[in-house]
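Have a look at these structures, which come just after this line.
In the two complexes that follow, subunit A is the common piece, with subunit B as its partner first and subunit C second.
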Partner chain A sequence: MLNEVIENSKAPQKNSFSQRLPFSIEKRQFPTTGAVIMWSIIGVVLALIIGAIFLLATGRDPIEIYTLTFSKVFTTPYGLASAANKATPLMLGAAGVMVAAKAGLWNVGVEGQFLVGAVAASGVALLNLNVPSFVIILLMLVAGFLGGALVAFICALPKAYLKVNEIITTLLFNYIVVLFVAYLVHGPMKGAGNNVPQSAVFAENSWLPQIGSTGIHLGFIIAIIMVILFGWLMRKSTFGFEMRVVGNNPKAAKYTGISIIRNILLVMIISGGLAGIGGMMEVSGVVHRMQSGIFTNFTLTAFAVAWLARLNTAGVLVVSYLLAGLLVGAYVMQIVGMPSAMVNVLEGLIIMLIVAFDIVTVYRIKWKRGNSK
Partner chain B sequence: MVKQNGEIAVEMKHITKKFGNLAANNDINLKIYKGQVHCLLGENGAGKSTLMNVLTGLYKADCGEIEINGQPANIHSPKDAIGYGIGMVHQHFRLVKPLTVLENIILGSPKVGFWLNNKAAREEIMELTDRYDLHIDLDAKVESLSVGEQQRTEIIKQMYRGANIMILDEPTAVLTPEEAEKLFVFLRQTASAGKTIIFISHKLREIMSVGDKVTIMRKGQIVGAKDVKDTSVEDLAGLMIEGTISEVKKQSVEKDGAEVLRLTDIYTLHDDSGNVNLENINLCLNEGEICGIAGVSGNGQRELAEVVSGLRFCDKGEIIVGQKVMTNQCTRKFIQAGVSHIPEDRLGTGLAAGLSIIENGILKEYKSKPISVHGLINYKVAKKYTEEIIEQYKVKAENLNRPISALSGGNLQRMIIGREINGDPKILVAAQPTRGIDIAGVKMVHSMIFDQKAKGVAVLFISEDLDEIMEVCDTLAVMYQGHLSQKVRPSETTIEEIGLRMGGALC
Partner chain C sequence: MTYTLFIAILAGGIAAGSSILLASLGEILSEKVGVLNLGLEGIMLIGAVSGFVFTIITNNSWIGILMAIVLSAVAGLIFAVLTISLHGNQIVCGLAMVIFGTGVSTLIGNPYVGTPVPQSFDAVAIPLLSKIPVLGPVIFNQDVLTYIALILVFVVWYFLFRTKPGLHLRSVGESPGTADALGINVTLTRYIYVIIGSALVGLGGAQLSLAFTKVWIENMAAGRGWVAVAIVVFAGWNPQKALLGAVLFGIVQALGFRLQVIGISFPPDFINMLPYFLPIVVLCIEAAKTHRKKAAGPEALGVPYIRESR
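Let's look at the complex of A and B:
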């Protein structure tokens, strides 16, 4: 009875405003898929609208630029193919981020792992082995995986044994790797008779072949398969299960007899390996030589993909393609006379708004019927 | 030493505070005299802390009145309480560790305005510490202080705020014996100087040595009030526990089954995270035996459960499970040897809150056939396995693919017990398995444990509730500060003896 009194005494103040509204807001226990997709789309649209204000302020016609960019990237064969090639390393990097995140780790070092994977694959390519093309490419794939995995493994050791924050180790290792790669392309790896800091062009038998005449290289398909495979393993395999338990509640993992150290090391090897393969595909499929700066802001973009996809495998595939399209759009926009920084602004806005809207996905608006007093 | 009853500092009249249907305080009447050390004695959950939280304005009593110094007092918030000169030193300190002692003391004090006047504050505090002999380096960072010094900082903080009535909640729980001794001297001194001390404890010897008056609480009610000089440790132990025992069920004399667990001379060392050392633990369990571990929580029960279930290494001693020596084997070996563990902290340790109900259902079995084959989990089988647990142990769950955090407390407990029992264990470690669940749930847990006993499982039943231990267990032992008493049958001991052991008065 006393509780009722308290409830009643509180009620008037609390509802005086909200009672007048024609709807009430209720909290759900879990967001529905529909709500997540709806709010993601609202986030993108809102970002485009805010972007349009920037464009208008600088005296440009947003609608023209948006339609032109969209049509150039997503309706022309060249645009579609470029986006696919750009999406290839991106989806692998994002898958790396996703796998680590499921085990509770923030692998901010995918950029360094990507670069070392690229260097290792380039090393294989530059040996100019006299073997069939598919053997070379297979070796490059393995080298790319091992290169990325090695970097991630080194970063994971202090985390596993000394509980050093992996964000610190992976982030700082990026700088080491970037400078190391710069040293390589300025020195030992520099192509003969070449004044630019880059390696010689690979022999053609170490290029990832094109798929028909689409302009998309085979890596795109391999990457999709790998992302699906590892996403599936994380969900269905016992080792994926162990990693998710570790990520979700390390105490429960310990209680169940799951080795936390082993799983941290293993998941980082996989995470780094995936990013490393991304590096291999970029040099073997697109650049055909090693140089620094082959994919700027790789970590950021991979994180954006993984988070926008809400750590969901299918989401990673779709979002990486869309975001790659946006990146390709940057070039198009530059042709139309837009600073490419505008693309960064848009990218940032989209990510920020979608993450912000994540909170509202668990709420439901309930319209009041006329009979309520 | 004991003064005549003088002015009344605090009077609480007919205080009742309910949480749901549970009356944490039921019609409490309490008089506390000025210049005395008044002890509140009772087991955990007896309602001591609730009563003090009412006095300090953290809780609002459902009914009842409080008078301070003979005047009716309206205490609606901790700020009001400070206004009436009531200060509380909590068991877990409210200090900002990177700040200095001085900064902590003046933090939030009503005497400090917008500008910090450290000099004036420093002088006032120095005067205080000199008068009460509470010496401390005011410029030391709190994080660099020992626990005893941190407590002293808290005490000075309360005095600086003008506390005339000081409440100390289990102040010696964190102190070494020497530090505790110093604290007692200080408390006596302060009381002589006219301040009023309310001292919450469940340690009998402390109360005998520091208190003027003692009020004994049990299950939300006051069951006794005494002058310390007119009472004895045995008296207090009896009052603290007696009567809560409804009826000691005579256990049928069972045949002793084969021995399944033996701990010999187990020691564990401090690992700096506030764990209690286990010292010289000896215990053996037979098939079909339910062995109760009594004691106030925090005396090493969790550590004992962890050692038995392979979660904590021991530094000395030997563990034998079945016939095998298992000392310092990995957790998985213990699980494979048939040790099941219902942990104290269900959601924090026993379950992965973000994973689905199915995934939590198979948490211990995910590696065995047919749930997983060749390293791949068969979710159809896993679902069936989980459904069985849910059905058999009456867990209310709708969508098994939802995160397990969606279940209510009682259902989580059923889920976890069901899972641990379903694996056909040989030894079941049940740490506080009935804490926080309703009476129907408690009955259900008990019957589940009796079923296990009938199957020949040896159960280590850790509980703070002596009633429960007496009702459920075949044998029992008491834990106090990392020591475990000899195992006895309930019929071979008396409530007084158990009470004395729980309070550390008997070793």
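Let's look at the complex of A and C:
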């Protein structure tokens, strides 16, 4: 419809409807940051309104739920700290999605990578090595990275060599890994004397230390630094430039001698490695043992963060914290009857609304001055 | 013993594969018209939960099926508006639909977890035909929705490759510009088949909750939507080959289940992984075979049609 208005405004015929309007609509080459942020906020508000209708329809009080969620999370020290801890693996997973997306790849297997990272780190922790704490944590970080990178690498091989769609391979691997973790915690990794399918609690020297008395673990800071570092790497370094060329214009990459296969494998290793470190931080900083379901729907949530942030580093940090807050809030609110699935509903709605508004952000309204015609 | 086990695995394979078959057929329609719908997993869940809940409310499984079709068509309509009219990125919109469908189905289905369905689709043996050895008990002793799925394979194939509207559908997917110049309404055609495709996906979801498991379980699609996407690629967008892929998936799943029943002491988690490994392996083999050849997919798949930017 907008296009018609524009067509008409270009058309020479007189007395057309659009010519009598006090403004005309023009298309911009790129949307401005202001417009993007404004429409994102409108999208979030609209999603909350639609979500409220869902809550009403299922017999719940949306205003009570929303205000309680907000006040329980964003006004109490405990809530703010829990959100920070929840945001830690989330921002790393989202950064994984972002790094891959910059190279034109859809890594929707961050859940599998996150879990294998967690398993590998748990493996190190459960060795009960007799070395200083920081050495163990460093080893766990490396193990987490390698674990996540391994899964992503396996999924990247068919993409690099056979052009098999990576969306399918990475996504199906989530299910494979979930089953693998279930096998581990029911069998080889199960803690001695445990009736529950989970590993033994890690020795305390493999826990990520807390920052002062805030209740936030050190992983939060490390994660922020890593996200900024890899965001910078993709934007400013030669390496990142090559990745982006591969993503945006594979032909150009080929002609300038950039190896597409090498870059696909490398970017997926980094992407999966980041998610794997997220898994390490969740087990080392929060859960302190390995078990199933340490972060349900991790892929979908990390994907939502990355896209709501428009693949922007600062955006990933902000959005992951806000969504983590929502997740923590939903967990608290289950008593009042807000299932945590509501967060998924809102995520889905927000992405769809923002996609819908994308078409508006590239247009601007130009007011006609005086009696121009 | 081996004969009955063999029959049980084949019949179970078809029953387990039928939801995926319906989803694949829906996706074939959508992709053939040029729209990549990755929201299958979410739409299947919407179909599964609405079919289940409305069956409980109305005590009539056919109304449940009807509502599953209607509501998943609505999901398809939303997807169509986003991707066709607003030119949204089809992959992002598809994943948003998965997130939304996962959430909304959990939200709606939450009070019904563990509730038995009052009226389900049980296996109906077709007289005479079910007496044929092997074929009879395998194909002609299934639930009604599976029969519908099997018939739809040929209906969709015939429609796509032997009728004029089917030709229009394919031309819109291959070259929307040309189709437009020939007077075919590209936008309308895409809307119609994306919505019908979604309805089929939702029907697949309803088969899952009303005929296959007969209970509502959170996230019960368990990756079947993604397997269906993989099967469409493996099948080269051909309904008959999609039938083969879906049954293969179903058999692997049924095999795992039977092996557990007869007490093979292999960790069940590893057997349960097979249905997810299979599509990856099959896709790799297929890709290796057709390497360096042109992909068989519709030319304009995933590309929004913007008339004025041609």
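Here is the rule we use: the second predicted complex is superposed on the first by the 335 of 373 C-alpha atoms of A that agree within 3 Å, B and C clash if a C-alpha of one lies under 4 Å from a C-alpha of the other, contacts with A are read in each partner's own complex, and residues count from 1 in each chain.
To be clear about the criterion, contacts are C-beta pairs under 8 Å (C-beta built on N, C-alpha and C of every residue); 3 or more make two chains touch, one makes a residue touch a chain.
None of the values given here were measured: they were computed from a predicted structure.
Here subunit B and subunit C are compared by how many residues of subunit A each touches, and C touches more. Residue contacts after overlaying the shared chain place A:238 against subunit B, while subunit C stays out of touching range. In the superposition on chain A, contact is made by A:359 with subunit C only, not with subunit B. When the two structures are aligned on the shared chain, A:167 is found in touch with subunit C, with no touch to subunit B.
Once the two complexes are overlaid on the shared chain, A:256 sits against subunit B while remaining clear of subunit C.
By the touch criterion defined above, A:248 lies against subunit B but remains apart from subunit C after alignment on the C-alpha atoms of chain A.
Applying the stated contact rule after C-alpha superposition, one finds that A:345 touches subunit C and leaves subunit B untouched.
Across the complex, subunit A meets subunit C through its residues 3, 7, 54, 58, 106, 108, 158, 162-165, 167-169, 171-176, 179-180, 182-183, 186-187, 297, 300, 303-304, 307, 339, 341-349, 351-352, 355-356, 358-359. In the complex of the two chains, the subunit A residues touching subunit B come out as 2, 29-30, 236-239, 241-242, 244-245, 248-249, 251-259.
Those residues of subunit B whose C-beta lies close enough to touch subunit A in the complex are 62, 309-311, 330-335, 341, 343, 345, 348-355, 359, 363-364, 366-367, 372, 375-377, 379, 402-403, 406. Residues 38, 42, 78, 81-82, 86-89, 91-93, 95-104, 106-108, 110, 222-223, 226-227, 229-230, 233, 267, 269-270, 272-273, 276-277, 279-280, 283-284, 287-288, 291, 308 of subunit C are the ones that touch subunit A when the two sit in their complex.
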